[in-house]
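Below you'll find the structures, each written out as structure tokens.
Both complexes shown next keep chain A, but they swap its partner, so chain B is in the first and chain C is in the second.
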Partner chain A sequence: MDFPFLFQTMKTLLAALPVTLGLFSLSVLFGGFLAILIVWMRVGGNPILSRFARGYIFVFRGSPLLIQMFLVFYGLGQFGFIRHSFVWPALREPFVCAVLSLALCTAGYTAEIFRFGLRAVPPREIEAARAIGMSGFLLVRRIIAPIAFRHALPAYSTEIVMMVKSTALASLVTVWEVTGVAQRLISQTYRTMEVFLCAAIIYLVLNFLILQAMALLEHYLSPHRRAAAPLVPGGLPVSR
Partner chain B sequence: MAAATRLSVRNIHKSFGAHEVLRGISLDAHDGDVISLLGASGSGKSTFLRCINLLEIADQGEIVVDGERIEMTMKNGHAVPASRKQVDRIRAELGMVFQSFNLWSHMTILDNVIEGPVHVLKRPRAECIAEAEALLEKVGIAEKRHAYPAHLSGGQQQRAAIARALAMKPKVMLFDEPTSALDPELVGEVLRVMRSLAEEGMTMLVVTHEMGFARNVSNRVIFMRSGEIDSDGPPEELFGKGGSPAFRQFIGTFGK
Partner chain C sequence: MWLVETLGFGQTGWGGLLLMGALMTLCVTLAALLLGAVLGAIVAAAKLSQSRAIRTAGGVYTTIFRGVPELLIIYLVYFGGSSAVTAIGAYFGFEGFLGMPSFIAGALAVGLICGAYQAEVYRGAFLAIPKGELEAAEAIGMHRFLRFRRIIMPQVLRFAIPGIGNVWQLSLKDSALVSVTGLADLMRTSQVAAGSTRQYFLFFIAGGCLYLVLTSMSDRLFARAERRASRSMPAGIGQI
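So, the complex of A and B:
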């Protein structure tokens, strides 16, 4: 084993980690907000918005992320009105294109995850909130969203882990994140195995930490599903 | 006895599709009244109760809570409340207790009780906690305040739900079959809480199958049959000689 080489490779790859983390956190952040907007359109009751949201989810879940990314990176520049608009300086940047396509894509998946969370909210608990005078945003903020988010969390963790891995695709639109840097190293050294192994370890450790954090969050948010007295001696089984 | 009218309901009609569930129900509840609503299942008593706080919207009729009339308007041929703000305010003044408790499963018992006062009434949290703890003491589950609903028995959950409704300082309490989902041995603890509320002068409307409660605690019994009020009067009278033949037959099925 060539430890000095592995050490040097690791050091080089880790220097690209901030780019990977940036891609990941920005796309999860924007994708999350976009997902909330899409879910709102999807279940809000307006048939036109609902159809749009369905279409959005279908398109972004149904086509390869890599093609979406190529379309954003190579495709948008073909439109004159985009090239001459104020967003062009940003859209010329590979990093911005990668974040945009990652966010657009994860929003489609996340919207569905959030929607299933919403469907798991017991109508009776919503009714109880209405009965004390809650409605609108207050009802969503205090009752519906907290319960829905708890239900969505396990599936959402999986989506987040997928996103960490999806950032590797950004290397194909010339973003120098961990995978991109690894490929450059390989083309210089021809030592495919060692370099890619190092890269894989970085993703593994990252995802391990993220999964641990999500598990902690889930644990923290669901004391009501743990603890004593699972048998309720009387009454209906408690609605979840 | 010229007690203030807390709740006045006029000529409520409600249909689900072609089925007319309520055919013109009217009712006045005065301060301190404890009214038991009896009737076979399907007689419309729960629907009536749910129409009062607008969990169901009556097709026709008028509801006045403590002097304030709920404004209605027509939309696409259906009656709908004119102002969501008013509906929210009226609901905050009416305490509702459900058959299946409907506590918020992700909150502790104490959080369930302070939720309304803190977030709907926007009152100071510390004050709400102190009141909530007193209420939980009163319904006998103070030691469960940091437990979650799933960790309580049905009777304890229903008592917590009563505390949650009381924390809003309601003008009228509505009970929708509060003991029907409970095992027989847990019914008593909930009824005791309800009886002590009645003794304190709370105005209560109780949909129930508990004949003992109707007879001994309420000062008025209303027997509903196919969406109409069949008999209405003090329990001594109805359970004595005054009840209609249908009412006699109904209480006969309870073996009393």
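So, the complex of A and C:
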């Protein structure tokens, strides 16, 4: 094995890691906010908003991310009113387009995950909260959101790992992140296996760290399960 | 009128080519799903094996192919495969670079990824078979193969249908990435049409709609298959 080459490749690829991380964190952040908005529309009770949210989820989950990204990157610039508007300096940047399409796409998937999380909130807890006079935002913040988020976490961490992988598509709209740099190295050196190995290690380590962090978050968010376990030695935990 | 002409089936219309592209997408995904079924069954068996080494090998396979970006795997198969083909060509006396056929490269790459996901599906389905049935089969003296054919296989397939449906949707969208190797699938055809008419927005929307047709149609097909397969099962949780 050619260690100097592997070392050099790793160094080149790691130089592109900040771009991947930037794409990932920005799109997860904006996608998360958008997903909350869409879930709110979906379950809010207004039939028109609910239908819109349904359509949004259907479109963004049913079509490939690549076509969405190309639509944003190539398609939007076609219209004069967008080219002459104040958002054009931002939309001209490939990085912004990539983040925009990644966020739009993940919002569709995340909205469904959050909705299933909401279903896990027991109605009696909401009733209890209402009985002591909580309503509106306070009810969501204190009771509904924490329970729903905790239940959604396992599926949400899978979605987040999918997002790490999806950032690779940004290379096709000329953002030089890890996969794009790897592809350039492969076509320069023809040493596919070595370059693949280095890039794969970067992604696998990244995924591992993210999954660990999510597991830690889940542990931190479920103190009730930790407390319940030792109370019943040798038996199944008593259901509340 | 202009719209009908551009998207229609006439001399200057792209409708026929887009439909051919959709057919190609279906073919690649189907080939990948079949390859993935074989790989998935082998890897699932490996992950359920008694031997620790074989279990680890299965785990490594699923970790790599589920954790590394699909695009990177397509590059690995396409460029790696092409250099292998070139080497074989050189052995038989062909000079110069020989490309790997992009259909084979695409089906292989998506099949490898799809196999990793299917392995998890089959493993879960196998674990859902009641242990008593396997013991009963052994008790009345069924041999391994007979037991596999009569007891394991029919139930694994039935339990696996929803999972395979998910994997199919995933692969259908992953197959859009095969367009980077130049295969004239739906993604690539929309791209070419968009580039040569300069109607990016129109053609990416049209391509996206065709993908939506493919995904929603296959969704229905799998729901129907699930209903049919669970005809004889008593209605339980999750079945309506």
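Definition applied: the second predicted complex is superposed on the first by the 225 of 240 C-alpha atoms of A that agree within 3 Å, B and C clash if a C-alpha of one lies under 4 Å from a C-alpha of the other, contacts with A are read in each partner's own complex, and residues count from 1 in each chain.
Throughout what follows, a residue touches a chain if its C-beta (ideal position, glycine included) is under 8 Å from a C-beta of that chain, and two chains touch if they have at least 3 such contacts.
Model, not experiment: these values are computed from the prediction.
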- Message: Between chain B and chain C, whom does A:Gln212 touch in the aligned arrangement: first, second, both, or neither?
- Response: neither
- Task: Check whether A:Asn46 is in contact with chain B, with chain C, with both or with neither, and answer first, second, both or neither.
- Result: neither
- Item | Partner chain in contact with A:Ser25 - chain B first, chain C second, else both or neither | neither
- Message: A:Ser85 in the overlay: touching chain B, chain C, both, or neither? Say first, second, both or neither.
- Response: neither
- In the superposed arrangement, does A:Thr174 touch chain B (first), chain C (second), both or neither? neither
- Task: Using the superposition on chain A described above, determine whether A:Tyr190 touches chain B (first), chain C (second), both, or neither.
- Result: second
- Message: Can you give me the overlap between the chain B contact set and the chain C contact set on chain A?
- Response: none
- Query: Tell me, which parts of chain B touch chain A in their complex?
  - Reply: 53, 55, 84, 87-92, 94, 96, 98, 100-107, 115-116, 119-120, 148-155, 157-158, 161, 164-165, 168, 181-183, 185-186
- Query: Within the complex, which stretch of chain A touches chain C?
  - Reply: 58-59, 62-68, 70-71, 74-79, 161, 164-169, 171-172, 179, 182-183, 186-187, 190, 192-193, 196, 199-200, 203-204, 207
- chain A residues touching chain B - in the complex, by the definition given at the top: 122, 124-125, 127-136, 138, 142-143, 146-147, 150, 221-225, 227-230, 232-236, 238-240
- Query: For the complex, which residues does chain C have touching chain A?
  - Reply: 63-64, 67-72, 75-76, 79-80, 83, 172-174, 176-177, 179-180, 187, 190-191, 194, 198-201, 204-205, 207-208, 211-212, 215-216
